[in-house]
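One chain, chain A, links the two complexes that follow: it is found with chain B in the first and with chain C in the second.
Moving on to the complex of A and B:
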């Protein structure tokens, strides 16, 4: 890009989305309500039970996955619903729009994951972590992978009619390898000490992030055009 | 403003195998204006979207050249300003914020004084700090003109340019139209006779019969 540069335009799209979200709270309200509701249900269900480590890891990622599904698709859907996508198309090329929205989704999901994990640890005392660095690395890589997949799927389904059901249905097979790996990494964080105990899982997660972003880069141009 | 030349040849568009229009060709040089007329649903807006590279044609090509060099389709937006009823603004932002946000997304950096001048041109200077959600439809239409005019585009596409505008607004559109036709290109999709007569030429589009053949003369227009 000649004028503002790729990074400048990407930052402008990110700033627009952030300001818009702060004013409209399209995604924030959905994420907040989902978090409060699901955490309350889990708290009441497991109040006095001893829950195995694997179940804790699975539950935490079920929470993060569905929270992501309820909020992250909105970046593209709101543009499409409000008819502002044409204004964007008349203003820039596809790539900075995609990366601006991806950055917004990644940061939103990182913040949500941090809050969810802290709340989860507070309400469920059985959630004991032996390696905090392993947990942090796993949460970070899992969140970036989930936000990457959610962003491109959100862009795809923004064009469809039955979005509500289509989004989790389409997402599930795409994020399944990510979820299985990150649940395993989170379990390792709860069972073993040392940040490098889940090295194999980190490699899989990094490969997933690279693969989904490469595929998104190639696919988004076609989604953007028509 | 960059001087552009526009060539459309053999344009055809089908939606779900239903032909909307076919075999539309025209060539426009700086200073030329074209009206696109036709019944509701004849494909006027679709044609404008194809020219703006917002939609792909089923067949045919649109070529925009600057100084004899063809502009790739993905970069054509740099030379295009568009005002249309289906083009919507960010209603949670103010008029001024809409201009500055879109300006930054375009990769440009106009000054605050330039934004003020644009808003004054469309008579919105007193409402510049109001969120667009509180605007009337006519005021939103005026703001769309300010956005389209911000980069002084070589090609100005106007779809139903008078929509929701009062007498002052229509006068403003006429001034912009005359300013643009000095060294730029204007294409107007309209059903208004007054808009069409301002243009140098008019193309009437009508739906071809299934199979791609155009209807007999006199039918559908």
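Moving on to the complex of A and C:
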């Protein structure tokens, strides 16, 4: 192992990805414009009609899901496209690279979800939340789970051809249990007070996050070596 | 193999005959009669075909994941052939489960598709199989294809229990279920249970018979294509 140890390499990969993102602002710009475009389509189609809370919870997660699908696969694909993956393979070991990129994706998606939810609540007056803590916890857990699944599928897809179309196709069945649960949790946040109203959903989300990360930890090495 | 085929043929014929011909009566007096299940009546007979089909589609998935893990350990392409053949058959059984279930739902619940938790999970299994083969067809090199497919199968295998066991417990289901869902429990008598379990065993046998055939076929095709190069 090179200097810095496990955490050091993880932090270095994270720093590298963050600074290259800050230099180009590719993902951030693309994701922000994606959000604005999609939100305006939703606004055009709703006009002034009122919709039930489940529709709001579902739409919010449709937005987050497709934002994740358009932004999160980049971390591995750019390495592959720029040819930097060979250098990265030479100078590091597999697992810390994965965790560095996972950390980057989680923080990117959390930032994006925060902006997106605030924008959504601002432009759609029907989005009324009774329990803000429930909403925050479910958004946080859902985002972490979605980013974890997207990262490992992104690593997988970087090796395949026809990446753009394949990415949502491969991710959707994997994240569907998460999406169904988190949409329920968001609906509960809009209907009931108290942060513990969605306790069962939190448990499912946490176990999903643990399961997907354990699997990713075990299989990433095989994708990386290939 | 010949003996196995003969036994399997005889076994499944017996199961199908029993499943269709044994009468369903309110009061059981003879050994070959099935009890009436409220709300299902004659429609209960689908139990002997639909549930074993669903079971085999999950067995196919599990076999595929097991050989995917073995492929990653051994890196022998034969394990990948086994894994993808199991998945291919699983896809076939999964499609049959969806079709039989959907026809039954039309007559029991009034519409072909209701997004019942079980319907959702079989639909997602169908999507996983579809994504698995889409991924395979997008990679040309054999060993790379095998590795990526194996990794995807394992990740999908980790999330599958959430759909199979967790979601139906959180979301209310209308599904009559003899194994998992205790609220919608189907009360079977001994005869019905025997026929049901025999059908389960028979369909599992059928799965492994077709599976061994497809593996042999896939091996031959692989041999021919590698000789052609």
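Note that the second predicted complex is superposed on the first by the 224 of 226 C-alpha atoms of A that agree within 3 Å, B and C clash if a C-alpha of one lies under 4 Å from a C-alpha of the other, contacts with A are read in each partner's own complex, and residues count from 1 in each chain.
The working rule: contacts are C-beta pairs under 8 Å (C-beta built on N, C-alpha and C of every residue); 3 or more make two chains touch, one makes a residue touch a chain.
Only a predicted model underlies this, so the values are computations on that prediction, with no experimental measurement involved.
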Q: Sticking to the clash and touch definitions up top, decide whether chain B and chain C on chain A clash or fit.
A: fit
Q: Would you check which partner chain A:84 touches, where first means chain B only, second means chain C only, and both and neither mean what they say?
A: first
Q: Would you sort A:5 into first (chain B), second (chain C), both or neither based on which partner it touches?
A: first
(Q) Just to be sure I read the superposition right, which of the two partners does A:24 touch: chain B = first, chain C = second, or both, or neither? (A) first
Q | Which of chain B and chain C A:226 touches, first, second, both or neither | A | both
Q: Look at A:167 in the shared chain and tell me whether it touches chain B only, chain C only, both, or neither; answer first, second, both or neither.
A: neither
Q. Touch check for A:94: first (chain B), second (chain C), both, or neither?
A. first
Q: Would you sort A:16 into first (chain B), second (chain C), both or neither based on which partner it touches?
A: first
(Q) Tell me the contact category for A:65 with respect to chain B and chain C: first, second, both or neither. (A) neither
**Q.** Distance in angstrom between the closest Cα atoms of chain C and chain B, superposition on A
**A.** 5
(Q) Can you give me the overlap between the chain B contact set and the chain C contact set on chain A? (A) 226
Q) What does chain A use to touch chain B in their complex? A) 1-5, 8-9, 12-13, 15-16, 19-20, 23-24, 82-84, 86-94, 96, 221, 225-226
**Q.** In the complex with chain A, residue positions of chain B that touch it
**A.** 52, 54-56, 74-75, 77, 80, 82, 84, 86-93, 97, 101-102, 104-109, 147
Q: Would you tell me which residues of chain C are touching chain A in their complex?
A: 72, 120, 124, 127-128, 130-131, 134-135, 138-140, 143-144, 147-148, 150-152, 154-156, 158-159, 162-163, 166-167, 170-171
Q | Contact set on chain A toward chain C in their complex | A | 149, 152-153, 156, 159-162, 166, 169-170, 172-174, 176-178, 180-181, 184, 200-201, 204, 207-208, 211-212, 214-216, 218-219, 222-223, 226
